[in-house]
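Chain nomenclature is as follows: A, B, C and D, assigned in order of appearance, with residue numbering initiated at 1 for each chain independently.
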Amino acid sequence: MIAAMVDGRSADDIARQTQPDTTTPLKPWIRPAKHIEAMFTAANWKTLLGHSGASEADKVELYDAKAQEQLERYEHNIENYVGTLRLPVGVIGPLRVNGIFAKGDYYAPLATTEAALVASYGRGARLISSVGGCTTGTLAEGVQRSPGFALKSTTEAGLFVAWLCMNFDMLKAAAETTTRHGKLVELSPHVEGDHVYLKCTYTTGDAAGQNMVTIATAALCEAIIEKSPFKPVYWFLEANFSGDKKASAMSFVGVRGRKVTASVELPGEEIRKQLHTTSKRMEDYWRMSALGGVMSGSIGVQGHYANGLAALYLATGQDAACVAESAVGVTRIELREDDRLFVSVTLPNIIAGTVGGGTNLPTQAAGLNIMGLKGEGKARAFAEVTAAVCLAGELSIIGALCAHEFASAHQKLARGKQEPSKP
Amino acid sequence: MIAAMVDGRSADDIARQTQPDTTTPLKPWIRPAKHIEAMFTAANWKTLLGHSGASEADKVELYDAKAQEQLERYEHNIENYVGTLRLPVGVIGPLRVNGIFAKGDYYAPLATTEAALVASYGRGARLISSVGGCTTGTLAEGVQRSPGFALKSTTEAGLFVAWLCMNFDMLKAAAETTTRHGKLVELSPHVEGDHVYLKCTYTTGDAAGQNMVTIATAALCEAIIEKSPFKPVYWFLEANFSGDKKASAMSFVGVRGRKVTASVELPGEEIRKQLHTTSKRMEDYWRMSALGGVMSGSIGVQGHYANGLAALYLATGQDAACVAESAVGVTRIELREDDRLFVSVTLPNIIAGTVGGGTNLPTQAAGLNIMGLKGEGKARAFAEVTAAVCLAGELSIIGALCAHEFASAHQKLARGKQEPSKP
Amino acid sequence: MIAAMVDGRSADDIARQTQPDTTTPLKPWIRPAKHIEAMFTAANWKTLLGHSGASEADKVELYDAKAQEQLERYEHNIENYVGTLRLPVGVIGPLRVNGIFAKGDYYAPLATTEAALVASYGRGARLISSVGGCTTGTLAEGVQRSPGFALKSTTEAGLFVAWLCMNFDMLKAAAETTTRHGKLVELSPHVEGDHVYLKCTYTTGDAAGQNMVTIATAALCEAIIEKSPFKPVYWFLEANFSGDKKASAMSFVGVRGRKVTASVELPGEEIRKQLHTTSKRMEDYWRMSALGGVMSGSIGVQGHYANGLAALYLATGQDAACVAESAVGVTRIELREDDRLFVSVTLPNIIAGTVGGGTNLPTQAAGLNIMGLKGEGKARAFAEVTAAVCLAGELSIIGALCAHEFASAHQKLARGKQEPSKP
Amino acid sequence: MIAAMVDGRSADDIARQTQPDTTTPLKPWIRPAKHIEAMFTAANWKTLLGHSGASEADKVELYDAKAQEQLERYEHNIENYVGTLRLPVGVIGPLRVNGIFAKGDYYAPLATTEAALVASYGRGARLISSVGGCTTGTLAEGVQRSPGFALKSTTEAGLFVAWLCMNFDMLKAAAETTTRHGKLVELSPHVEGDHVYLKCTYTTGDAAGQNMVTIATAALCEAIIEKSPFKPVYWFLEANFSGDKKASAMSFVGVRGRKVTASVELPGEEIRKQLHTTSKRMEDYWRMSALGGVMSGSIGVQGHYANGLAALYLATGQDAACVAESAVGVTRIELREDDRLFVSVTLPNIIAGTVGGGTNLPTQAAGLNIMGLKGEGKARAFAEVTAAVCLAGELSIIGALCAHEFASAHQKLARGKQEPSKP
């Protein structure tokens, strides 16, 4: 433990300090409230001003006029509301996308606090658009819930699975009573000893769909419990076999959300001009970095999807926590004839929608409008543009690493010119 | 591909639509600018209003009075600025933490658009604090860059490694000329054929430190290139062996950022009262969900760290993209004597700081102040509270799954009462 | 590199020694021969005796009377034959198995050179049989080949997939012309950029089936190349997406070979008597070792399946190289009411058969006969007994670790009593 | 479950059949015996002949004259001895190796029952030797045991770790009292909640060393238990964090056994002549198969190390179960100037020795003699030749896949000419 080594505190002191403390009076609670109301927010601030490190100035920032005025807009997105966070947004584009569902020149809003990120993605978008755009495709879709059932024995687990397989239609009907847009497309049971994990896969229309599949699967489970001749000893609506909010190797074998790809073929000349390196060196980089990823035990091989995904997800009202699962995929760079460089990204796990969730919040809706992708019928196009944005990011960052401009770009934009040389 | 199956477009149509298009005139560029200035932002909006789906109303939301007024505050955090995104923030707490570096009752701000998240984490915090708080510890720290070098042969790769090992002090000095706070603590070379990946590990003071280690490693590499008798054919500042912005199995063998743990022992009675389930069922859940995670090929075993991490990272100015790497770890739940339930979380990859990055932005600084953890000397405490927040989340969500309240909680908070039953 | 550090050789010496050497005359070749004949073997030995470290005594061991006499028995199993290796075989049992396909008391032959292995598995078998045997089940079956196709563009990749999906019946017919027992049961295409991996899954009767699926898939690919309107630029019969001869996370999401489970419920009293530990401690061990496996980045969580699998595979004519893929799975240990301990193993990747391959070789056939599982209609039973053997091994080794008898057991059996205390 | 679907047995029948059966009398036990004696073997055979499917003919095969005569040679390698298995052995070579520790032309014995394997590896060896041999290097070494300790709290876990770090010398001395050759080179503690995994890394001289590190770590643990002020609640000698007998991502971050590399640069002309394909196509294959491996969730990227490793390990007295962990690594193929193809393999986890274990058994010693690598001072050379053999195998199999000769080679050698076309 660091403590014992750095500051000379004794083991006894440390042991004492880390004991549960049931005697010191606790600070006042933030009172949970099912609704957002100005009165509750005021009470929260009173608590914070009296008992936390926050000052009136902090309150002014978080709970400014607009945060007060738009308070009820957040009714279905937050609890214990104290105001709104502000994240700066930059825009890149136009990014030309020649896709199955996305077609045209897109501007993309990116919300981030990391200097150089927007500039870098913008550079990649410029490169792509300058050669006629990238090709994209939506390859598969499906969102999962995976309830788990503990049976009485391994044999009952097997018989339970056989029963599930024979009752697909009934279970599908039960699930779909809860939703207009969600469709159960597959039931995939997995036995481990006397446990059964049931992967339920749905299409969810233009919504990201996590609530939708939760509620539908709850209904499906109730039908199982009621009708199966093999009663589980206990069961859970989600038993962690769905990949929800975490990177998993499984996503490459199937899909979670939408699986999309984007690719471009670049003339060597443009790489020299715009990225200051060569197509050959870009391929060299890919080879070395792909194996670096493999040996570090990452899932897939790619550079920095997480940067673009987090920034785009935030700016368009997606769930930022889904970056944990979405930021896996495969980037491929391949030198072809006539010094042309093929570059593709394939992401099997884009969880995003153009309706529902945070997409109706004031600034998030604006973000979707900047893309021209708000509302019904736009989710596949959104997923394809997302892949295109990731492609832009990979091109630019790999170009910078190849041209030895990576450190200097960050230094310039993050620290500014006037900064002393030692941070 | 979905396209070919859903809408009857012909293969030829699809092929034509997805070709690069170098003839249609491109929409106007968002002009890259190294500085933020109102004039540039105005130009960006002119472009968007004329050529994207964004309207004046969208501009008013993103580029409101405050976004205009505080424009220069974002100078080192964004490019191509068009305004600020607003994310609702809820607060939970007090969360009592008995840690090595964090000690006291903390309020934690969470920025999210996912209904029920704040309420759920708040419920977990209440449970923890009601039994005297959780114990936390900072176990290790270190941030990596991993340059890669292509040598002339596998033998030269080996000799190059031997040279690196003998020149640690010189390389450390070279790296540390660039930074006041960063210290190179380990050089770990990994040979693959004629390639060498050099994992450089630094401590970074109270900063998350990614820029710091980038710039220091650039200096270190320059020293290598200048002085090594074995000259690489080519090399890259980062060869993807560092785990940067992606989940990797490697993080469990070492550390990336800070490795922290939080644990609590709960009486069965409190679990019944506050979570409406039993300690036995919580252990049952853990067993099934741990193996669910294993079989899905996830890294570590846990429930939903990503939810709490993303929300807390955003609200305190951390890099949201780091959720991709931070959201791995191990949750353990164990039934002990007298119906007491031991629950712990261990996260080896918390990338967060209390200085630098986005921590000085207006609302983000307010978030850190709410926690009382802004500025020098607070980063370890911040990491420990982060672990405690993840522990709170795991307790609440697992409790909900055990009590069969998971779907109904989401239904109630996300859809509201007035919603029709079919979304 | 170790060299440079341990023995003071100079970098130049090392560089010189590791250069390709095209001047020193090469030793004489072992002449490749498509058939096994005594004359060829004699020639091979002449070469070895003249140019390797092998002596006449070595020849006598490897190429003894039986190896000479049975030479033609190995015609379809080896090339460049020089004789037979001898591995000692021990037998355990009877192991009572109450399975779907295996039912009765089995003796199992184990070929190994690791002391204590047979004794340990035998102890586990005794424990299982003493409580009425274990329950087993065959849960799924299927063997894969995964050809890969490079298309002209990502769009063609998508259209190619659509074409494959519409031509399943034709492709199935093409594959099945080559085999009496193999049936194509699933085609699963996976797009990455402009590449398509086509997972072809077959049932293979009672054979392990790897050659069968290779030959069938070659025919299937020829049909694709001939008939698809989208011609690949190039393609390969196997593109490494099948998990062949390597552990892969994918095997948990589906099956490779046969997926089997075995479980038993043990009274605490028997654990104390036979394993000298408690059911509680066995559960403690499982918890800690499961997380140890997770954090080491292993696939699945288990102890030492590889030991039992390698020994049983060898003794029964299976392919020992398949241990690399078969030795993954999930062991679960769970303390239940009345001090009863539930223990199960689930292995998704048993590649084994009771016909074909090495099963007809003289001693290997004897191994299968000892089990009573040689020939047609026995492969599922074989797979179930394999799971039961793995269960026996896990019980015994975990018991030894819990009772602190692990090191002493190895010391006693591997080193013998008469050995000095320092090896 | 397959059962329920294939043969119409009722759920009740299946449930009855899979129940524990404590009433049917059990067949007679194979009596465990600590020593090997002809009398015991005779008793074992009496049991098998009376109660298993084995016949006198089977006994004659397994327990032939030599197996009887050499019975005591197996005293420290097997229990419950019933005879010896015979595996056919083929030899390849000479394989020219220009290594740090291996230098010269090696013949390699391969024991397998898979047709085409020896022929294929022999073809690869011929290609390598024809261009002056491959370059090899031993990059690192170390064998691990990882005991696990459950402490009273997470804080005690941290303090325990601090104590371990301060007592390295004492613990090293304790471990090394048990062994002449083993040296403790690193102690690496990993905390998870209130558990501590202690990775103990040793060098083990020329032995594979698994028993050695087990016994040394037992002594080390006794010293900990006796002297640490923080007493574990319970502990285990191995807590599954060492990678023992299983593939783990961890092995790439460090080493287990020996980490070795082998590489060669091939003129395009030789590839055309000897492999009937082009260097360009070999690179194409690598790219596609590397990503195939990544997406299947395998550890590392390679083709079929397991084939060569299993065959070589068996023929030289290594532990065949270690194939599960050894068969991971990275194959890299890269097209360079003048149509030259660089190919390398890097294996971080070769567990093999030239003394101890099975290396003294009659035919196994002959195998090592064929290589000229039996006894003290040869283990690193053995590891390097092992890498060279894997390189030979990768070249040949990838060549066959590129030249579309893979299926036909297997068909010809495994099934023979006289076989009907339908197997």
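Going forward, a contact is a pair of C-beta atoms (placed from the backbone, for glycine too) under 8 Å apart; a residue touches a chain by one contact, two chains touch by 3 or more.
Small disclaimer: the values here were computed from a predicted structure and weren't measured.
Chemist: Remove subunit B hypothetically, without shifting anything else, and describe the chain groups still held together by touching.
Modeler: one piece
Chemist: When subunit C meets its copy subunit D, do both sides use mostly the same residue numbers (more than half shared) or mostly different ones?
Modeler: same
Chemist: Express in whole angstrom the distance between the two chain centres, defined as the mean CA positions of subunit C and subunit D.
Modeler: Comparing mean C-alpha positions, subunit D is 11 Å from subunit C.
Chemist: What whole-Å value do you get for the distance between subunit A and subunit C if each is reduced to the mean of its CA atoms?
Modeler: 38
Chemist: Need the CA-centroid distance for the pair subunit A / subunit D, whole Å please.
Modeler: Distance between chain centres: 39 Å.
Chemist: For subunit C, write out the residues touching at least two other chains, lowest number first.
Modeler: 1, 3, 14, 18, 100, 135-137, 139, 153-155, 158, 161, 190-192, 195, 249-250, 252-253, 290-291, 295-297, 299, 301, 330, 332
Chemist: For subunit A, which residues are in contact with subunit D within the complex?
Modeler: 1, 3-5, 11, 14-15, 18, 153-156, 158-159, 161-162, 191, 229, 249-250, 252-253, 287, 290-291, 294-297, 299-301, 330, 332, 334
Chemist: Spell out the residues on subunit A that touch subunit C in their complex, using ranges where they run on.
Modeler: 100, 135-137, 139, 153-155, 157-158, 161, 190-195, 249-250, 252-254, 259, 261-263, 297, 330, 332, 342, 344-346
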